[in-house]
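Down below are the structures I want you to see.
After this come two complexes, each holding chain A, first together with chain B and then together with chain C.
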Partner chain A sequence: MSAYAFNGMQIAHDEEGYLTDIAEWTPELAELIAKSENIALTPEHWEVVNFLRDYYEEYQIAPAVRILMKEMTKKYGKEKGDQKYLYGLFPYGPAKQACKIAGLPKPTGCV
Partner chain B sequence: MAAPDAPTADRSHGDPLEMPALCPGAMAASKPYPASPAMQTALGFPGQLVEDWHDKAIARLGELVNGSRALRVYLDSCVKCGACTDKCHYFLGTGDPKNMPVARQDLLRKVYRRHFTLAGRYVPWLVGAEDLTEAVLADWVSYFHQCSQCRRCSVFCPFGIDTAEISMAARDILDTIGLGQKYSNEIIGKVFKIGNNLGLPPKALKNTLESLEDDIEEDTGVRVELPLNREGADILLVTPSADFFASPHMEGLIGYAKVLHEAGVSWTFSSYASEAANFGMFIGSTDTMQKVALRIRKAAEDLKVKRLVFGECGHAWRVAYNFLNTLAGPLDFLDPAYPIPQHICEFTLDLIERGKLRLDKSKNDAIRLTFHDSCNVARASRMGDEPGGQFEIPRAVLRAVCNHYFDMAPETTREATLCCGGGGGLLTDELMDLRLKGAQPRMRALREVADEHGVTHMAAICAICKAQFSKVLPKYGFDMEGIVSVHQMVSNAIVLTGSKQAEELDAAHGVASTAS
Partner chain C sequence: MAERPKKTFLYLNRKAPYGTIYALESLEVVLIGAAFEQDVSLAFLDDGVFQIVEGQDASALGMKNFSKTYRALGDFEVRKLYVERESLAERGLSEADLMPIMWEDEDEDYAEKPSIRLVDRSEMTRLIGAADVVLSF
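Then we have the complex of A and B:
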């Protein structure tokens, strides 16, 4: 199993970079995970990451993309509640790539 | 091997079925992530490769050929006529000769011959029989995960040899010796633990459904319910959990809800059976397939429903249509006046034909549409009362809701349809290179109708097809939102009784509003 080297610690992740223990996530670690995905986190990225984490805490799963878009619209306006905007931030998809950076498990299934 | 993100512009034009240049070994390094010991043991398989893997594998192969006459006939009867060689989308997309269906079958057939035929035991070199070595085992892991079990090759085989069954048998053996595949086995574990592939807990499911009710109300002014665990409802709707999560799946789910609302029937989802998909089939495990299928039976009994309707999911429909009665029957507590089970497309077309749905086709006028036949619906099951219903029913629904419909080339549709490239347990990121290449024939067929008829969108009735196409379309120069659900098209066109849309339409036609 591979690991992120972070503050002198080894934080284990799976083959694709998802954290083995989601409790080990910190905002600083998110910056490192994002870097390994070639993403430099901006405040716009954090709006998504923070929403995902809040939703996960409540429901034990990441939100559906449609719900993410709706909540983004409510909070930040229509142009941010758009699938293409979210793909612009997270080119590999707001569900999978943003979850990885937010330290959440990968959504599985036919998605 | 090309990087997954390599530009595919050169791949996107040309004859969809063009014979590729041979590239031996091109895909030898493609393989899925292994299932972790925990994922394996949760399904009753060994956690890792067992020490006596060779003998265990041969013993399991023996059990499988003794338990399935079909499998034995498939392994015995190939005459190497070559009819299948250029029929697999993965061969067409990769040029790797081991992706010719006959070569894929031979990976298992040569070991079968060595141990289970007289000639193979005594003169193996004369009959193409070989021992199961580590190299052969590595080929199994790689190339039996480059088959999406789509059965296109079997349509062209004069003996009807079904490579899907051979792939399933090989994956069953791999699981038995501890070499399971992460994607499928992790997902099956989630179905047992949580109730669906996604791992969506009941609380989240409830929240998702309520959010959709709000969306529909905001859009139409009508409160359309998406009920969960409603005991005594007439219909249990079982749908892939991707419908609760991804796009364009969820837009299809909204379509089912609107249709059921207009039909005036009582219906419900179940949180216990919140999954139509049955990945037990992909890994060739009848026991697993049965356990998953029994969840649907239990939910139907517990909720005391009379009818079972399935949403848009390809292999779920195969399992439901062909095997549900065998795996989880008899379903004699359901109302025999209706098909057991019924496909949502059948349900919708019946309402359309009886004039029960008000449709405004012009709402889809910005869309020029084609239909991708999903392999498990097209070749492994049927729909409705007439032969070919699985081809005609979804098309009839689409034509009823959309003014601009065009079929792709006949050698790429209906029973000759091409796999999306992500079916059969291959819809996983580490196989993206394979998925992109395997999608090439379908993408070329789509390019033809896009160029010729200006087609902008492609509809499908399978969650895997939808997820796969939303990933690969952009790599072939199409919009990622060019893939739509069949019931998304219905959702766009349906005019709910008492809705804003109904008022607007009435006003446009100079009719007094009848919001009853």
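Then we have the complex of A and C:
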């Protein structure tokens, strides 16, 4: 089992970097995970990360990218639900990579 | 890519939500399968009706309360949840005991519409017979 070294603690993650215990997530830890993914979090990134966390809180699942696009469009407008925009923020997949940073499990339907 | 005719998929849910893995597995398969844009319906009968009862508390079981996830089905364009009336009645339940599960109609400014449809046993039999693919959990 691998782990993120964070504030003197070891936060366990799976072989792909998703947190083992989602309760261990903090915004500071998100910064660290993002760094390991070569992403510097901007307010635009946080918008997506926070959206995913809210969605998970409400439905207990992480949405697939198609759902993310649809729901971001509904909430923030067409340009924010745009595939290119989202891939620009999270090059390895807006749902997949953003969920990792948000401390959530890998989205259902992602392989 | 050539447009292939859509098949109708019906997922039968007949078991109580906790105690076995069937209900959660069914839900996951539905969510994954929804990506293939087929015509998907869910049916709840026998103890399966308990899966969508409102106010579930799984905390004592050490399991995630996944009942909230049924409410996301509308986002995945799964909008037909058939519930057998007799199965509810035999368990002392009525439609009022079920979670409100809605889908949003984008063509009508995201108006919320109910996904749950109560059907009697004979109609359920007809639905099962009419589906191209039936997956039983």
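As a working rule, the second predicted complex is superposed on the first by the 107 of 111 C-alpha atoms of A that agree within 3 Å, B and C clash if a C-alpha of one lies under 4 Å from a C-alpha of the other, contacts with A are read in each partner's own complex, and residues count from 1 in each chain.
Just so it is clear, a residue touches a chain if its C-beta (ideal position, glycine included) is under 8 Å from a C-beta of that chain, and two chains touch if they have at least 3 such contacts.
Remember, it's a predicted structure, so these values are computed and weren't measured experimentally.
Q: Once the two complexes are aligned on chain A, which partner has more residues of chain A within touching range, chain B or chain C?
A: Comparing chain B with chain C, the partner touching more chain A residues is B.
Q: With the two structures laid over each other on chain A, which partner does A:64 touch: chain B (first), chain C (second), both, or neither?
A: A:64 contacts both chain B and chain C.
Q: A:74 in the overlay: touching chain B, chain C, both, or neither? Say first, second, both or neither.
A: A:74 sits against chain C, while chain B stays out of touch.
Q: Pick one for A:95: touches chain B only (first), chain C only (second), both, or neither.
A: A:95: touches chain B, not chain C.
Q: Determine, under the contact definition given at the top, whether A:28 touches first (chain B), second (chain C), both, or neither.
A: neither
Q: Would you check which partner chain A:83 touches, where first means chain B only, second means chain C only, and both and neither mean what they say?
A: The first partner, chain B, only.
Q: So chain A touches chain B in one structure and chain C in the other; where do those two contact lists coincide?
A: 59-61, 63-64, 66-67, 70, 108-109
Q: Note which residues of chain A are touching chain C in the complex, please.
A: 58-61, 63-64, 66-67, 70-71, 74, 108-109
Q: Report the residues of chain C in contact with chain A in the complex, numbered from low to high.
A: It is residues 28, 31-32, 34-35, 64-66, 68-69, 71-72, 75-76, 110 of chain C that touch chain A.
Q: Could you pull out which chain A residues touch chain B in their complex?
A: Residues 15-16, 59-61, 63-67, 70, 83, 87, 95-96, 105, 107-111.
Q: Applying the document's contact rule, which stretches of chain B touch chain A when the two form their complex?
A: Touching chain A: residues 33, 182-183, 186-187, 190, 196-201, 203-204, 207-208, 211-212, 215, 240-242, 244-247, 249-250, 277, 313, 427, 429-430, 463-464, 466-467, 480-481 of chain B.
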